[in-house]
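The first chain written gets the first letter, and so on, giving A, B, C and D; residue counts start at 1 in each chain.
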Amino acid sequence: MSEGSASGVPHLPGMEVRPVERNVYEVQIGPSHPGSGHMRIIVELDGDVMVRVDPDIGFVHRTMEKLAEGRGWIKNIPLFERMAILDACNTTLPYVEAVEKLLDIEPPERAKYLRALLCEINRIASHLYGIGIFAVFLGHSTIYMWAFGDREVFVQLAEDLTGARLTHSYPVFGGVRRDIPDDFPQNARKAVRYMRYRLDEYAKIYLNNPNIRKRLEGVGVISKTKAAELGIVGPNARASGIKYDVRLVEPYEAYPELDFEIPVFEEGDSLARAWQRVEEIKQSLNIIEQAVDWLEKHPREGFMHDKFWKTAPKLYKDVYEGNIPYAGKYRVKLMPLFATLKVPPGKAAARVEAGRGEIFYYVESDGKEVPYRVRVITPSFRNVIAFKYVMPGHRLMDLPAIYGSFDYFPPEWDR
Amino acid sequence: MDMVTAAKVFSDIGWGLFHYIIFYPPVYQFIIIPGLVAALVVVVFMIWFERKAAARVQMRYGPLEISPRTGGAPQLIADLIRYTVQELIIPSAADFFAFIVAPNAMLILSLLPMVAVPMTSISEYWPIPMGYSLLIAVALSTLAPIFTVVMAWASNNKFSVLGGVRESFIIVAYELIAVISLLSVVPLLHTFNLVDIVNYQMSGIWLGLLNPIALLDLFIAILMSTSGFPFEIPDSETELVAGPFTEYSGLIYGINMGGGYIRRWAFSVLMTLVFLGGWAPYRPGPGILLGYFVPSLIVVVKATIVMAIMSFLRAVYGRYRLDQALSLAWEVLIPLAFAAFGISVAEAFFGVHP
Amino acid sequence: MGGGVREVPATAEELQKSLLEALKDYKPQVEPVKGYIDIVVPVEHLVEAAVKLKELGFDHVISVGAVDYIAKKQFKVMYHVTSYLNEDLSKFMVSLSTYISRDNPHCPSLTRVWLSAELQERETYEMFGITFDGHPDLRLLLLTPVVAALKPLRKDFVVKEESDNIETDYEAFESSKWW
Amino acid sequence: MPAKPEIKKVPRATFLGRAIAGNIGALTLGVKYFFDPNRITLLYPHEYIKLKQGYRGYIVLIFDKCISCESCARICPAKAMKMVSVNVKDKKLNKVMKKKYPVINYNRCIFCGLCVDVCPTEALYHVPYHDLVYLNMNDMILNLEQFQEQPEFVTSKEGVPVTYVFDEKRGLVKVRADESVKQEGQTGQASGGENK
């Protein structure tokens, strides 16, 4: 295989011709491959064992950082949430927080709870998506369908709250765009109870299924020090025993006041990573209950920073209270100055624990209507490196078991 | 001298055609029941059932839109037509002869065991003399999977070759299990004759009850041989696009896709006869209807139920890793198969034999 | 940030002071930023400062980023680091940054110090054309060679976008030109 | 109360427990759902979801309320809205004058709803549906007249309106939209997926 492949092939721009060692069988998993999703993994096989793994990413790169330099501050929110639309609130929240730091404002209490609420709904949806994709990698189509079907419950909750299924554009500078509808608390509690009992069934048919356990146990083990060295994030790092969660180390929004646990597993294998997500869903369900209780008890005021709401005309309050029949209810209208917002010069960074891990924004302003520079680091991007260093030594059939356990999402890591 | 009328000639020819070609049991069994036609009908039903069963478990409907009243049953017919008229692409780098011949050979050889199985106890309708029919059927059943490897090699594709290598690993593993567990009934009954085996079970004691380990072993071996879940390893689509069938398209891909099911069908019929009582509790009566069609229908229904159970596993399991499946086969199932053989010997020793 | 009150063993100011003390051999500077601590060292001391920070417990890189200051003809390369294993340090983000010249930009690679910087340095290499000396595997990551040659994140690469003009005349609007 | 880390363990299983209990548990659950399926499929277009008010669907302009402030066009992240000048008769001043009004290009619209939220006089509003079909891309550029009328919701002519209500046992349950009001209090008695 190794000799003949390079000969007689014209050298086109962008084409890479390199020798392959003898006795090594190179397989390219991807880019348009059922198991991969617009990402290529170049695997060199010795027999059935992978000896070299080179993740080749960038097939859905959209230059978000460059596009952000040409758009107004608020227009970047719908842009950035397209990195991971199933995790939209978490993905845009650090950007909003960083800009709020530059504007020197802090959202009021109710807005913080609303943001945390949507963040957790998104986190559950994102984890369910990850579980589903992972399951179909292992050939377990039932959990794939179940996870996607049950994700619909939380997508529906998000739709009730924000008016859009996935692209919520929910947090804006200084506040949020909607308040919870009247029937939201009872729906949310039903969804929480449903999901709790569903998770037991997931464990029964999937995680405790001997077939799946055998595939995952002891596969792709990452030790605590190795995880820290590779800098992998989120549930994957916590499954290796790292007690790091932005909600824990640098609590943002309403998280300092909420009572929940950060589950940590110490095994560091694919099975631990799968269980990690289940445990995190359980904690997110707790948070949703607490946030909904808080929102129900407290009066409906303080959903937007005074800077943007104090001068609002009476019509804005009418729209919020639902006095205008065609306009809906509990909508927080934006002041026209949002359209031409200018942010004071400065540099700010913010991080948030998104579904797949820590998401980081560096925002620099030079006082204009558009950002000077926005740097985004998404969790999936930081997890890619693990493929390169964890997969070698495993068998080819372990590739999906490791790849899926990291909860990949190419649009997110390509940005 | 009799008058040779045209009518008599034609009726003689017709009778000859019917008697020696259409209802000549080896041909009939191979072509109609339980061979090609029955297999195709069952496979079409089974693929539909597999999709519907998985869909029921998975919060959805499965095939429906083509005919909501029947639950989308004609969907597979439509798929069949689509495969038939689809363009057949043969890669220029593939070995043309082997690429075309291997799938067809696999299809034919998958059904070859059918010429050795009896569908009734009346000797008039036996396809071959039944003395060693179990041995012959088992031997014929091992021919087909080699052509999967040939297909993989002929495709000249990396994924195909990897899938073919996996297939050959699995062939070696499952064949021994299947053969030993099928033959474990021989010491018990002192016969290779399938009719005798079924006749013994007429008493109501199915051999599956006498030797459940052999039944379980055979069940798993069939799953392995036909790459059913949880052993869908050669064409595991997440890392090898479609395994040995990656380069196939159109009708030949359809043959490949059905090939596994047809092999499963052949094994299910064998399993029904040996372990699940064949046409028991029905005693074949006189005449072709009561003596042939009714018992063969019973066998077909039983074998279909076996296949349905196998298909349902798709909704519950993922797939094992290759080395795990192999170690399961070599370390667990083959000792179990020998144990089943031992159980038969013990049962024969203690006089379970009639 | 956030509304909650946390009791922390060290505030960001204290940490900044102690970091400046620890890095004082490498001429550190501090820039006013929000949400993290920005320490700027000269490019020749970058590796040594990184080694020192790693000894202090900052064990992984969150982000490797660059900013193009085209007016000053400079790039600023930033390594945002924090700690996984030392839970007291996890609260803080520290940026170790350096200014390098905009023409023929070279920067020492910190992949040997922090393995987690490997892919991100590759990204910065293709987006800005900054060569990281000593990187074990400096190849393109996201872009094709044709696009990477344009160094897309530099400020002198301008994305051709539709103008911000929000007005249009009625006839042009109805024509099919406007997608 | 801030978060606290909590060390968890992957549930261990003995060999027998894994081989027998694990398999039986998985199989019984599969069989349970085989006989009692919990289907959530929407049989679109025979059924369609009747969305609630507040859904960010297509946008409609109320001509009389517009004050030509241009905020909507300025805030549009996709540059889908533009202002066009038309001659209108001002009732108060009783003379014809040029005013600017927004028009929209649905090739670009991403339904973020920022324009509706930013409008100071609430001259724009969402209609709660989004699945429309256009014959070509030109038709998706609405002019001022088309922008003022609610787009025709073709699916509603053939399909049955359904809504999904939350349920503790079955997650989301599909009910006929007209029945959902009745079932509001007692959604427990699930009509399941068989509801057709």
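Basically, a residue touches a chain if its C-beta (ideal position, glycine included) is under 8 Å from a C-beta of that chain, and two chains touch if they have at least 3 such contacts.
All values derive from a computational prediction rather than experimental measurement.
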| item | value |
| --- | --- |
| Comparison of A-C and B-D (more C-beta pairs in contact) | A-C |
| By mean Cα position, the chain sitting nearest the middle | A |
| Where chain C and chain D are represented by their mean Cα positions, the distance between them in whole Å | 39 |
| Whole-Å separation of chain centres (CA-atom averages), chain A against chain B | 47 |
| Approximate Å spacing (C-alpha centroids) for the pair chain A, chain C | 22 |
| Junction residues of chain A, two or more chains touched | 142, 149, 205, 209, 243, 251, 255-257 |
| Chain C, residues touching no fewer than two other chains | 4, 6 |
| Residue list for chain D, restricted to those that touch at least two other chains | 2, 26, 29-30, 40, 74 |
| Parts of chain D lying in touch with chain B, wherever the complex brings them together | 26-27, 29-30, 33-34, 37-41, 43, 193 |
| Contacting residues of chain B [partner chain A, same complex] | 54, 57-60, 158-159, 162, 229-230, 232-233, 236-239, 241, 314-324 |
| Chain B-touching residues of chain A, taken from the complex the two chains share | 25, 27, 29, 33-35, 48, 135-142, 144-146, 149, 205, 209, 211-212, 214-215, 395-401 |
| Interface residues, chain C side, partner chain A - complex | 1-6, 31-36, 38, 59-63, 65, 67-68, 78, 80, 84-85, 87, 90-91, 93, 95, 114-116, 118-120, 127, 141-146, 152-153, 157, 159, 161 |
| In the complex with chain D, residue positions of chain A that touch it | 71-72, 74-79, 142, 149-150, 152-153, 156, 159-160, 162-164, 167, 169, 177-178, 181, 186-187, 190-191, 193-194, 198, 201, 203-206, 208-210, 213, 243, 245, 247-248, 251, 255-267, 271-272, 275, 279, 313, 315, 319, 324, 326-329, 331-336, 338-340 |
